[in-house]
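Can you keep this structure in mind? I'll have questions shortly.
Order of writing sets the chain letters: A, B, C and D. Residues in each chain are counted from 1.
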Amino acid sequence: MKYSVCVLGATGIVGQRFVSLLADHPWFKLEILTASEKYVGRRYGEVVNWVIDDPLPEHVREIRVSSVSPDTIVRERPDIVFSALPSDIALKIEVELLKKGISVVSNASPMRMEPDVPLLNPEVNADHLELVRQQSRRGWKGILAKVPNCSTAILTLALKPIADELGIRRVVVSTMQAVSGAGLRGVPSAAIIDNIIPYIKDEEEKIEKETLKILGSIEEGRVKYAEVAITASCHRVAVLDGHLEAVFIETSRRVSAEEVKEVLREFKGNKIKGLNLPTAPKNPVIIREESDRPQPRLDRKAGKGMSVVLGRIREDKVLNGVKFVVLGHNTIRGAAGTAVLIAELITKEGLI
Amino acid sequence: MKYSVCVLGATGIVGQRFVSLLADHPWFKLEILTASEKYVGRRYGEVVNWVIDDPLPEHVREIRVSSVSPDTIVRERPDIVFSALPSDIALKIEVELLKKGISVVSNASPMRMEPDVPLLNPEVNADHLELVRQQSRRGWKGILAKVPNCSTAILTLALKPIADELGIRRVVVSTMQAVSGAGLRGVPSAAIIDNIIPYIKDEEEKIEKETLKILGSIEEGRVKYAEVAITASCHRVAVLDGHLEAVFIETSRRVSAEEVKEVLREFKGNKIKGLNLPTAPKNPVIIREESDRPQPRLDRKAGKGMSVVLGRIREDKVLNGVKFVVLGHNTIRGAAGTAVLIAELITKEGLI
Amino acid sequence: MKYSVCVLGATGIVGQRFVSLLADHPWFKLEILTASEKYVGRRYGEVVNWVIDDPLPEHVREIRVSSVSPDTIVRERPDIVFSALPSDIALKIEVELLKKGISVVSNASPMRMEPDVPLLNPEVNADHLELVRQQSRRGWKGILAKVPNCSTAILTLALKPIADELGIRRVVVSTMQAVSGAGLRGVPSAAIIDNIIPYIKDEEEKIEKETLKILGSIEEGRVKYAEVAITASCHRVAVLDGHLEAVFIETSRRVSAEEVKEVLREFKGNKIKGLNLPTAPKNPVIIREESDRPQPRLDRKAGKGMSVVLGRIREDKVLNGVKFVVLGHNTIRGAAGTAVLIAELITKEGLI
Amino acid sequence: MKYSVCVLGATGIVGQRFVSLLADHPWFKLEILTASEKYVGRRYGEVVNWVIDDPLPEHVREIRVSSVSPDTIVRERPDIVFSALPSDIALKIEVELLKKGISVVSNASPMRMEPDVPLLNPEVNADHLELVRQQSRRGWKGILAKVPNCSTAILTLALKPIADELGIRRVVVSTMQAVSGAGLRGVPSAAIIDNIIPYIKDEEEKIEKETLKILGSIEEGRVKYAEVAITASCHRVAVLDGHLEAVFIETSRRVSAEEVKEVLREFKGNKIKGLNLPTAPKNPVIIREESDRPQPRLDRKAGKGMSVVLGRIREDKVLNGVKFVVLGHNTIRGAAGTAVLIAELITKEGLI
């Protein structure tokens, strides 16, 4: 028996990734897809402007689009709802679902920093899931887990082993982000061809804050934020998928590039190791030794889009630490894929 | 009477910019264009694969391509030779010309760090020009001035006013560089469409070293390097022209964004102010207040490509300083335009 | 004294071109800019997402955005209104303005094929302007002239001299159209990077119909459609500006490529020759002899964007005629530029 | 026992596709890879600038690059040599191999139109393979089969069923071709970003000639060319892979779009049906009914890149026939994939 799942905002780019990842999932059955009211009742295959590289699965094409209204959704009784809703409407709808007993794994940014809401990047902080036990105080009957901001999900996978084994004091990160991160209508082609847009609303703040929570530890039922200082500069480039980040780290003590590679290579995502979650990549962190990798187009599908790929790991004498570039697939590792992995963790842990 | 000038490597992208800037120059007359031996004797308009945005000037179209052989060039007796030669052949040819009494302004990287060779970004360090007086010891009868690496030329214009007025301790810079920086054949389209290449050979080292020389001061006839520590990460993106750089600075004391803007706004390129050099932009540094500027396509032609444009100037609490993005036209400000400006300075100073 | 002009839909891409062309126009004074209701009262410079290559003129930046409501516009009494409105709202607003005595030059498609509405590409059919005399029957107190569809404006300039001098029976045209033709939000970057969209709604029908009207002659006060058969296939490509069209023509008699070049070279836009309209290009049709021109990026600004550029003119033995490629700037020659040229014609003819 | 195969020109883009298709082929064992002399003896993984979307297979990475010298190759005794050599060197090397008894399947253009050399698109004209029997007259001990020009391979799959069932008189085709078709260094990014190049050397002539041979029938041991007249216009666009072609056909009699779809749908590649060749796609021709398909990025991998995808099939009243767009993967269906399919056919037929 598979769990019945629903995707809110199924026609957007993240929605399309959810559809692609869930169409043939071994544990989940994709039964409900919501979209704008104007599409309700029509076939998904007719209304979606499919743009992602994986083909639209044939059997999903026929699903009739549902309304995003919580009442309608509750009537269908999905076991898990994946939310790819825009921030401005996500909060209200997600809370209504939670109150009505539906569990939600959400990409939307509201509530990510709430103390009783786990912000999960499973290989990094699956143990934060225990926070959901506190959610009943809010009168929620379902549980809520949040997926980190896309750039942050990618970054924290690279930082975690170094923070644990070598210690991190300061991080400077400059991102080069794909257009899919802004959603289907987010970046007009007339704005980005032969161009870079050196600004992504709220992105730098999210990276600077969320990282501290994700790398934090659970102490007495609360997240103790990591003591790391992060500064970010975020830029949109003409790439379809895959966020590339140039990262400069001040480590707690002087380290060699070889030591850093060593701890990264040994990282297997211990927090979920042994759980055999279907979407967990064999190697959450992959190191490439070529001088010119990772590249978005060549490396974004590593580990089916769930691995991050690091390259150009070199000592940084200015910051007394290390610098490298890291790449991850922003709508898989940075959104839908991590959401599905979280849902797998939740069901495996018996929380649903 | 105009000075007669020659461009070595005139069919490349930097060569094309030289042609465009020199075709109607008030002081210089473009008379000699060199290219590969196979093109010698043919019309420039026939052999060049013109790709830059400014149109190929009609009268240049008819110039017959010359050989790059120093003997041939010397026979024509140009007053100044601009070199856009590839690094691997530049050194030999430039030195031969210098020995034969021809002055050279060169974009090629060899000899940039030699103590008696000025590495000039005129608004920043025109006073370094005095180093040429030491070149006669080498047996050169012409003088040699070098143009900085493209990213470095852009960066040092932004750093100079801050270094002078507020003090800089450390700089972290992450670049997003245009394909024209690699020359006409440098970046195959099959490698860069929907992609980023996170590596540019030797670029990081050039930024990290050249900046110290350019920001240095002349003391007892030698350049005393600036005491700044710089770390760089360089990336190639699918942009035609315009290098964008995300810069994070640790200043000598805590500063506000407003203070930084103030010193940048007041910077008028004092080192060449009042000389009325034709290619000098009115404002070498332009500040934009919009949240999403500078953008390569919209801002690279500011000041006819000779200004750098800064935006998103904000305090950086992690580095105790400031962060911003800066953009410059890599083949104008970062190459041919600065070379022409240097040549104007040299002639104005009566050195030729 | 300049004519006061207004641009409806001033924040879109065509609107931005209008602003750029009208900001310093010798005959027209740009006084009114309309945009979405949410922007009314705010400064144009603050609300526009400026994406075109020419810089936003400083004095236009400060203009307060007006409402598109006809009552508001009429109160300002502009002499001419340029409409860059979306088709779905254009008809109603334009008719209301006409009834209230405001003259309109419009890019919007509705009414283009009405018998008493001139569809003008001035060098081709300025004489069609006389149709406006019949508009009073509709109760309009202003006059209405329509700009052709962008691809059609470009195509008809290339066809006109051939049709007149050599005769055209059939035309096959395959377009490669720039993203700006779809407006600012028309083509998401996630849809077009590394891609082609082989469909543009209604475009083929517009080309196939409008061409016949534009190439038609005025007989007894009516347009007699040209007897040409046209079939089109339209495609969107990842180019910012400039529509390229591959054209295959069956001529009335066998012709040589040289004959075709000859008639194209001699075409000077006789219909408006001698009127000295400021926006009329010296050569409305330019021929390039290189094997690989015209190219959108290199040739779209020919004649300040008002010339079309033909290349690769060669005999076609299969269709018994000629084939070539033609390029034009879609938002200048294909929209705002032609609209301004029409307005110049109207005022020169004393119709306002 | 697998056949031992060799790829000449293995580091180019077509070479990379060969490597990808042959690395785990059920019948062929990839043993020899040749490249420029400077790379001979080095590991393939070190010297190749891998740019294609499929990952470089791990075990191929270690293969030592061989010299393209026929003597060296003969010593290794491969059963089949796949040639992805540039035209200018292909002829000599291929003929030497043939004389020494090595069979060659070649993408290079020389000899494609020779009467005794089959130009094969297997689903269309596998029966032309019999021409190889005449090759012994040349003193060749191996056999030679040629792959068509990439655009032609795609086009002829679409034309074949229509030609056979409905009759074709004239064809007008306008192509939009991917950069990979020009090889790794063929299209500089500085030339194609935000641009189209409306010229591909010799491409139009190849389409116009090769199509007639491929669609021809074998009569008395010779190819009788098809009686079809074709005119082409070819253009390079900023797409990585996938040639899109707008095709206009004059059929022998008036046809409806539905009839055309019907004959296309029924086409199963009869010439090789039942042979169970591993690389043959289930449906060599796929029809899409959406208004905006096929698109290169979404459809080029249909049938693992071996199917062509047609869309927008509509009647054409101007040409008295039909018009549509067709897409194929230029380096798979248009090059390496078809070559592998030919090799499968050759071995299945017992010719090696």
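Note that a contact is a pair of C-beta atoms (placed from the backbone, for glycine too) under 8 Å apart; a residue touches a chain by one contact, two chains touch by 3 or more.
Just so we're clear, the structure is a prediction, and the values are computed from it rather than from any experiment.
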>> By residue number, over half of the contact pairs should agree; on that basis which option among A-C, A-D or A-B is the same interface as B-D?
In response: A-C
> Looking at C-D and B-C, which one has the bigger number of contacting C-beta pairs?
Replying inline: C-D
> So which chain is the furthest away from chain B, centre to centre on CA atoms?
Replying inline: D
> Taking each chain's centre as the mean position of its Cα atoms, how many Å separate chain B from chain C?
Replying inline: 41
> By residue number and range, which residues of chain C touch two or more other chains?
Replying inline: 51, 193-194, 238-240, 297-298
> Residues of chain D touching chain C in their complex?
Replying inline: 170-172, 174, 176, 194-199, 229-231, 233, 235, 237-240, 244, 246, 248, 291-298, 311-312, 316-319, 323, 325
>> Give the list of chain D residues in touch with chain B in this complex.
In response: 13, 49, 51, 179-180, 184-194, 238-240
> In the complex of these two chains, what residues of chain C are touching chain B?
Replying inline: 50-51, 53, 55, 193-194, 297-298
